[in-house]
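One chain, subunit A, links the two complexes that follow: it is found with subunit B in the first and with subunit C in the second.
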Partner chain A sequence: MGRIGITLKMFDNGGQIRIIEAFLAISVMFSALVLTAPMSSTPDLEKQGTLKKIGTQVLIKLDNNGTLGKLIEGGNWTALKQSMDLFLPAGVFYNMTIYDENMQRVNTQEVSNSNQEGSEAVVIQYLCATQSSDTHFYTIKLQLAWPK
Partner chain B sequence: MREMERKQSSGQVILIAVLAMALILLSTQIYVFEVRMSTVHLDSNSLNDYFFAIKLGSRNVVIGSIANVSEGGSNTVLMANLDKLVALVNRQNQFGRSTLNYTVEETAPYSSGVWLFWGTDGFGVSSAFAQFTFNLSDREVDADFSYFINVTTTLTVKGNYRTMLADEKQVNVTVNLLNEAKPALASQVTLYYRILDRWLAPNASNNYIVTDYGNGTYFASFLANIPSLTVEVSVLVRDQQQILVQTNATCS
Partner chain C sequence: MPASSIDTFLACSIMIVLVLSAIVSTSNTLRPSMDELLHRNDAERFQQLAQHLLLYKGAPTNWGSLCDVVPDSLGLADSASSQPYQLDIDKVSRLNSYNIYSLSYSQLWQSFSVSDASFRVEIKTLFNLSTSLISTTSGVNETTYQFEVYAEKSGTPVLAYLHSYVVVRDYVNNFASSTSSNGHSSILVTIPNSLNGTAILLTFAKAESNSQIVAYDVCTFRHNSSEPSPNRTFTRLNPLNYVLNVTFTYPSEEVLKTQVFTYNYNFSLIEKNRSAQTAEYYIPQLLDASPMLLVITGLNQSSSFVEWSSYPQVPLEIGTDFDESTNGAKTVSFSYIVTINLALYEIVTKWGGLASP
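After this line comes the complex of A and B, so read on.
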């Protein structure tokens, strides 16, 4: 009778241990999934690459005939904003900051189409040299983002 | 008894297996993440755009410099501006370490990368020439890129005249403007004619007309009392890059 009682108790404990083991296994798997989830939902790098490409192409297009340098040199921020609005695809948020050779901010007005937060944001750094006879250099930081 | 022990340890085996699976899952995700990151860094299109932007900047600097020299600036302007460009480019590290170097053309007729020839035979040139080497190095990329920038504005002028009454002559001048050997438009065409030691600009009283053919060819015509047997004209043209070029020609 005593032997049967011990065996039964052991079987009871074994069941609890199984439950604990199963619970542990589930927790390990769950935590692994939880840990990897943010990694798989990191910014879509393809989307970021596309944004970078679009932004660089727009700046190159504007700079190709010296227009970009002329607009900056002339402080024509409204025209610069209009050009960006025209060349960038609809729905892309942008914010442009222009610095001179001493990294002092040049644009006195916002060259931006939104103050909203976007997703998959990228920053493009572009060096612009003017075609004017007194050559000036400007560093352009263009932030681009898709709407959330 | 042994059977029971085996059954008891099977839970631990499952736990270890689950742990191993979790590790595999994690490492796979990390690997995929790293691969995606490096793919973006090494995107050849991005690098091409970057190279193109550097080349565009170099071209703008050369254009601005020759515009400055053509307006009376020093020949050293080109090198001074290129030094600035090199310093700024070499400070960039968007894709890795950037190293830009340049050499200006010193072979005749160039001097310090500049050639200005404003002749008296109807031919004028304002030109600048520089060669560049660009290196981009990173853990994952080592790319070399060399290119040259040659900005040349050429002006040719041909003219003739027809005697009207006494010393009055109708002078016809044809002006051709080229940028890098291709027809280019002018933003300003100024013509002068010579009477003794004075250069005069024809105006409405001279029936002065300039016709723009839209293909880099301009035709100017005017009437003036010029006693000499030949008519000397001087044509000054500013192209759309603000580069000045001038030449004198004799109309007969």
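After this line comes the complex of A and C, so read on.
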């Protein structure tokens, strides 16, 4: 016990400063890592990528035999909504807006199954050409989101 | 020992301890992010594998219709089609374990040749149709059965046109109706009392919004007879390459009629071969966006039976059961709309690592 007391008395001020310096340096580094980790979190790109692929595939399938163009030309928004309800997996929110060649909105009714407010939505743009004798082009903007 | 040496030694020790603590804490903090990065790559890879399964024709490209061939390389796309996500009716049917030509998951996994991934395939119609018998009214000459039909997807009612067929022995009748806005419909079926035996009601539902979206349901009931036996009691129906192979359970069975039903059509099948234990019938290639229902009626001694199978044989599920997996590995699932013989179906593929069959 007496020997330890003698040893502690032998510490000089320079050594103590080094200890404090090292402690502070490590604390600063660690704090920086801990504080910046939450800030670096990004949107869930995996889920968004999956949604984009689902939406694109659904539009391609719906357009495969001209059904999509026919529904738009006929203004059959109820049938278009029912088709989207059947094609999309359960739980996916969607909102579809259709524009003509002059980028004027065509759909007079909502083609949507929910209010997506606050959800992280992805937007898919799809060009649909009708298979009628006088071909028309429509730009479809499809917003998709998972429930929060 | 000089005081400065002890001082430096202690300072260095404390620094090392602090640095090590910082490294451990940092790695713990960053581990979730690192894991997420690794799994993100897995998900992308599994999605590519799912697309490969659906867009690739496999090798040989017509492996589905060759009943004794296990593919060297697995792919479900229709070899005769240039459209994406168009699946082969026979390749799909060979995923169903009720077909005697089906492949086991082990064979599929080996053919797919991706040793570090396990998968599951589920194919079903885009909406569900259920039929239930709710009342029976017996008259002098005929009996009337009332059925309740419900069309829905995830609890949401589906507006659909209905076409039903009733079959007893060699008697066939059909009825058309549609579901109301709540997805329900009622069907009245009248069968003459001169008949008796197991009866079957086949109901096809075509979505009003899209004629390629068709679901079906089959309801077996008794007509002046004892309770019907479960399907596949008397025969096993194995459609492949537009030929229906029938395997009889009992040697004394007699076939009354073999038919194919779709939403729009109904034909008797032409016999190709017949032996004591098996028979084969040609299945016509119908241009109808509808699943085919193959129905055989017959007699086993004095009692009549009705058995059926769909072609393509969906719904089906094959592969690893990820729900029961306890290894904690992340699984991902991808849903696609596919075309099989003009009709649309939903295919869900689930993927995970580690487990092998």
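Convention: the second predicted complex is superposed on the first by the 103 of 148 C-alpha atoms of A that agree within 3 Å, B and C clash if a C-alpha of one lies under 4 Å from a C-alpha of the other, contacts with A are read in each partner's own complex, and residues count from 1 in each chain.
One rule holds for everything that comes next: a residue touches a chain if its C-beta (ideal position, glycine included) is under 8 Å from a C-beta of that chain, and two chains touch if they have at least 3 such contacts.
Bear in mind that the values here come from a model prediction, so they are computed numbers and not experimental data.
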Thinking of the overlay built on chain A, is A:L80 touched by subunit B (first), by subunit C (second), by both, or by neither? second
With both complexes superposed on chain A, which partner does A:R18 reach: first (subunit B), second (subunit C), both or neither? both
Kindly classify A:L127 by the partners it touches after superposition: subunit B alone (first), subunit C alone (second), both, or neither? first
Pick one for A:T135: touches subunit B only (first), subunit C only (second), both, or neither. first
On the A-aligned overlay, A:I54 touches which partner chain: subunit B = first, subunit C = second, or both, or neither? second
For A:Q143, is the partner it touches subunit B (first), subunit C (second), both, or none of the two (neither)? neither
Between subunit B (first) and subunit C (second), which does A:T67 come into contact with in this model arrangement: first, second, both, or neither? second
Touch check for A:M29: first (subunit B), second (subunit C), both, or neither? both
Which partner does A:T97 contact after superposing on A: first (subunit B), second (subunit C), both, neither? neither
Identify the residues of subunit A that lie in both the subunit B contact region and the subunit C contact region. 14, 18, 22, 29, 33, 40, 45-46, 49, 53, 57, 60, 64
Per the touch rule, the subunit A residues reaching subunit C in their complex are 7, 10-12, 14-16, 18-19, 22-23, 26, 29-30, 33-34, 37, 40, 45-46, 49-50, 53-54, 57-58, 60-62, 64-65, 67, 71, 76, 78-83, 85-87, 89-91
Subunit A-facing residues of subunit C, complex: 3-4, 6-8, 10-11, 14-15, 18-19, 21-22, 25-26, 29-30, 33, 39-40, 43-44, 47, 83-85, 126-127, 153-154, 156, 158-159, 207-210, 212-213, 334-337, 339, 344, 346
Which stretch or stretches of subunit A touch subunit B in the complex? 14, 17-18, 21-22, 24-25, 28-29, 31-33, 35-36, 39-40, 42, 45-46, 48-49, 52-53, 56-57, 59-60, 63-64, 66, 69, 101, 125-135, 137, 139
Of subunit B, residues touching subunit A in the complex: 7-8, 11-12, 14-15, 18-19, 21-23, 25-26, 29-30, 33, 36-37, 39-40, 43, 45-46, 49-50, 52-54, 56-58, 60-61, 63-65, 67-68, 71, 73, 81, 84-85, 88-89, 92, 94, 241-242
